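Structure first, then comments.
Per-chain numbering from 1; labels A, B, C and D assigned in written order.
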Amino acid sequence: MTVDSMYQEIILDHYKNPHHRGLREPFDAEVRHLNPTCGDEITLRVQLDGDTVKDVSYDSEGCSISQASASVMADLVIGKDLASATSTYDEFLELMQSKGQLEPDEDVLEDAIAFAGVSKYPARVKCALLAWMAWRDAVGQARGEVGESTT
Amino acid sequence: MTLDAAAKLAYDISRVRKDFPILDREVRPGVPLVYLDNAATSQKPQQVLDTMRDYYEQHNANVHRGIHTLAEEATALYEGARDKVASFVNAADRREVIFTKNSTEALNLLARTIPLAAGDEVVVTEMEHHSNLVPWQLATQRTGATLKWIGLTDDGRLDLADLDRTITSKTKVVAFVHQSNLLGTVNPVDVVVAKAREVGAITVLDASQSVPHMGIDVQALGVDAVAFTGHKMCGPTGIGLLWGRAELLDSLPPFLGGGEMIDEVTMAGSTWAVLPHKFEAGTPMIAEAVGLGAAIDYLSDLGMDAIRDHEHELTAYALERLQRVEGLRIIGPATTEDRGGAISFALDGIHPHDVGQLLDELGVAVRVGHHCARPACLRYGVPATTRASVHLYTTTGEIDALVEGLDHVRRYFSR
Amino acid sequence: MTLDAAAKLAYDISRVRKDFPILDREVRPGVPLVYLDNAATSQKPQQVLDTMRDYYEQHNANVHRGIHTLAEEATALYEGARDKVASFVNAADRREVIFTKNSTEALNLLARTIPLAAGDEVVVTEMEHHSNLVPWQLATQRTGATLKWIGLTDDGRLDLADLDRTITSKTKVVAFVHQSNLLGTVNPVDVVVAKAREVGAITVLDASQSVPHMGIDVQALGVDAVAFTGHKMCGPTGIGLLWGRAELLDSLPPFLGGGEMIDEVTMAGSTWAVLPHKFEAGTPMIAEAVGLGAAIDYLSDLGMDAIRDHEHELTAYALERLQRVEGLRIIGPATTEDRGGAISFALDGIHPHDVGQLLDELGVAVRVGHHCARPACLRYGVPATTRASVHLYTTTGEIDALVEGLDHVRRYFSR
Amino acid sequence: MTVDSMYQEIILDHYKNPHHRGLREPFDAEVRHLNPTCGDEITLRVQLDGDTVKDVSYDSEGCSISQASASVMADLVIGKDLASATSTYDEFLELMQSKGQLEPDEDVLEDAIAFAGVSKYPARVKCALLAWMAWRDAVGQARGEVGESTT
């Protein structure tokens, strides 16, 4: 079944055992994002330490794709410096918009390469991006940029 | 398959299905379509498509303002469609039927034009589709009126216990859904209307989900206005209906201004056309109205009673089979009593998105999400549901495919 | 017929006509249709009808909210149509394209949502179609703002002499027609926009009659919002377009409330979706958008330049021939300079109704009446006009049929 | 040509030489009616004398059908008692709604029988009825009924 390209083992593993789940203190910014068409939602906290992403924690509800994506994202950005976390974000965004045409770079995206198959399903791309969008927004707010609490 | 056999006596389902070309579609090679997303939109019979094509190939012209042959033919077809709608819902007067682009526009038309002021109250229910909720939120915010609502019971019904406290002498409008698109519940129109009448409130019925499956008689229902939508009743997209009592519609100010809805125009000011034109500004949805007329002919030929019986049996069958799926919880009434064929459910530990995705892989099309009824989802503590919904061409075999699909979904996620 | 021969080199009119099945129609046995009512609505090519049929027979589903195959296909087709519109009018961003049911709704959307207050002024012109006049009359009446207008010269042009007195620092909106459906005049958008910009007013262009015949570039025009309509550009009925700068549309409150246009809904209140969905409440005109996309492909394949040239030659030919008809007076510009192919005229002593009726007997379809531009009719002292209007499939032979028909009309009424 | 059934000689005669045209004094009521789709309009005055239609005069603009109809109507009702004028009105209305199916009664309708052919053209029925509707409205107003000045 082609759907197996979406539901990779890695995704189902993160879905069943999400990492960094549960809201933690301290944090610099908290945002809530939701996917209005399907009801997926996430509340996400970011703590920065200078230019380093010190911590990311979240509470979320949604499908396997959105849950696994939050877990993978947290793994990827925590401890990274902002510039490299942001470039990972950019690369993931590009992958998700590629409609299955891009070969993901495992060195950068690690477990997130498993989402390559999701990019072929336009309705699910939003699910995979939800946590990343929230993270991006929270970082902006933590750094004092004008942000929006929901998109 | 005894139910199927019984239904076949009254209703030749295989003949009916032949009228709908899309039902032969394969979603992927070798995977036939099992279309159970009928509450979102219905499929269209050949007869509707042929009628619209004939309109465009033989009669197309702008209506009302022309005296040439095509314009007269187009006008006769367009106004003929109004007659069909009027008789289909038993309107007392064809002028009471207004064509809109969808149900949503019909409901907004009312919410924008019914006069409201600070101190007035509008009552809706917690199971409204956003299209019968947001317009009233906007209207009450704009005018300083207050929005109140009738809550829901645990088994998916209107909680009528405190109807007397919700609908009061301050209530100007009671707007409620006939059949819920999320829960399937058919509401007791008579009870709500009786209470609304007592206080002199205008009653607005959202019949988007009832008209296609059981037909309605607007006079018997006793409401003041009704909205429904062409695309759910085997008609084309881009057309909706507002029926309203002539006295009510006559008393309202215009909604959209423009061509056709005027009597006399000068730069300094204008006067309005009589009903129904007063509410039909601009070039109307001509081919769509004509197509809707063909859909009404199609439904009438099958007979709304036969359709209702067929769907009733399907619903009973589906409710019974679904409730035997492990970990499945119905959101909404679990019996066929006062309920239609839209069945929402939760599958333990598996998100609706994942359910829908895996079912699609098997060709089974269901809808997942909040179904534009988020407040009711919140009420039942689910961010989203999976919804299967039947129509006049649905078979018990398709329900079987759904149930088998759900078993597959459960296996897939427990691997 | 040298003009015809010349045009044929660039534009194979007989091939084009084969695409439009209705052009083979006989109005009565032996009387072929001569369709010169194109300013009211255009005919549809086979390609548009085939695309819509294919949509219904292969892909029909409700859009945006589904993850099953049909829903994804329907969404891709619907959103693909938006991309086609965006590139056809050179929008900077696809989110700036909003689907409405017709031009009239697009103009009402703006008139209902652009904030106005007492003391503000809205400027229109005396040649507006009712659909770009009545919404602003209603809006100014509702808000206490004042409606002003730019008058007309005797030869059917905007009287720009006192533009400075009409458009002032109080002006909030300048709404005007690109090409008049009554007079055929093409207005100098740049002059009006320059003045409006000077005072910071929002500019709204009614391009219902220009888009189908010459195409537009919304960025080059420099206006803030544009309305046009599918049925006049070889697309289906039931679909219109609003293009608006993202900054403008983002700043406006919602128009219709309901499904699709929301972000988060609770009983207590809601937040709005981003563009374009914020302005597309309810199930959209899905098949109609898809059909419009096919119409845009059709127009683009022929080439808007080729279409404009063809119609320009036809208009020149028609103006010349009509002016030789005894007792015929053109209402509007009498030369092809800055004018399109809608030609209104009066025939001495014979009422337009009688002209239209007798022409119809000969198969010639023209429109008679005030053409939803009654103020301009009043301005030129005629209660009504006869209007012949061309489109991409019109031939000089059809103009000849019109002129011969008018000779017949004159003879008939002088018997 | 079938259109000849509409443009009867009688109609063209009345159109070219309308009777009772031009507003006259005295009058009990004056109304203005118009046909919004085509711009036909009529201003019409009625003077009653008890139950008799003493005078009808009008000023109008429009097509041959609406002009001729006003002329024929004035001929038919002036001098008649109200009851019989009203029954003529009723009969004419019925004729115009008959879609060409009714055989008009010449004893009652006189020249108005020429409009039988118009009833086959739905868009023109309004033209033929404009003056009659105005007359009916004016009579109502003259007798103090609640009327409307335009329809």
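We adopt the following convention: contacts are C-beta pairs under 8 Å (C-beta built on N, C-alpha and C of every residue); 3 or more make two chains touch, one makes a residue touch a chain.
Nothing here was measured: the structure is a model prediction, and the numbers come from that model.
Here the chain-to-chain distance from subunit A to subunit D, counted in touching steps, is 2.
The chain with its CA mean position farthest from that of subunit A is D.
Rounded to whole angstrom, the centroid-to-centroid distance between subunit A and subunit B, based on C-alpha atoms, equals 37 Å.
If each chain is reduced to the centroid of its CA atoms, subunit B and subunit C end up 32 Å from each other. One inter-chain figure worth recording: subunit A and subunit C are separated by 46 Å, centre to centre, where each centre is the mean of the chain's CA atoms.
Averaging C-alpha coordinates per chain places the centre of subunit B 46 Å away from that of subunit D. Contacts with at least two other chains are made by residues 37, 121, 124 of subunit A. In subunit C, the residues touching two or more other chains are 28, 65-67, 71, 262, 264, 353, 357, 360, 368-369, 374. Residues 34, 36-37, 121-124, 150-151 of subunit A are the ones touching subunit C in the complex. Within the complex formed with subunit B, the residues of subunit C that make contact are 21-22, 25, 27-28, 33, 35, 37, 40-41, 43-44, 49, 52-53, 56-62, 65-71, 101-105, 107-108, 111, 126, 129-135, 137-138, 141, 147, 149, 229, 231, 236-240, 254, 256-262, 264-267, 269-270, 281-288, 353, 356-357, 359-360, 364-369, 371-372, 374-375, 378. Touching subunit A in their complex are the following residues of subunit C: 64-67, 71-72, 75-76, 262-264, 271, 273-274.
Partner subunit B is touched in their complex by these residues of subunit A: 1-3, 6-7, 12, 37-41, 61-67, 121, 124, 127. Those residues of subunit B that touch subunit A in the shared complex are 28, 351-354, 357-358, 360-361, 368-370, 374, 377, 383-384, 412-413, 415.
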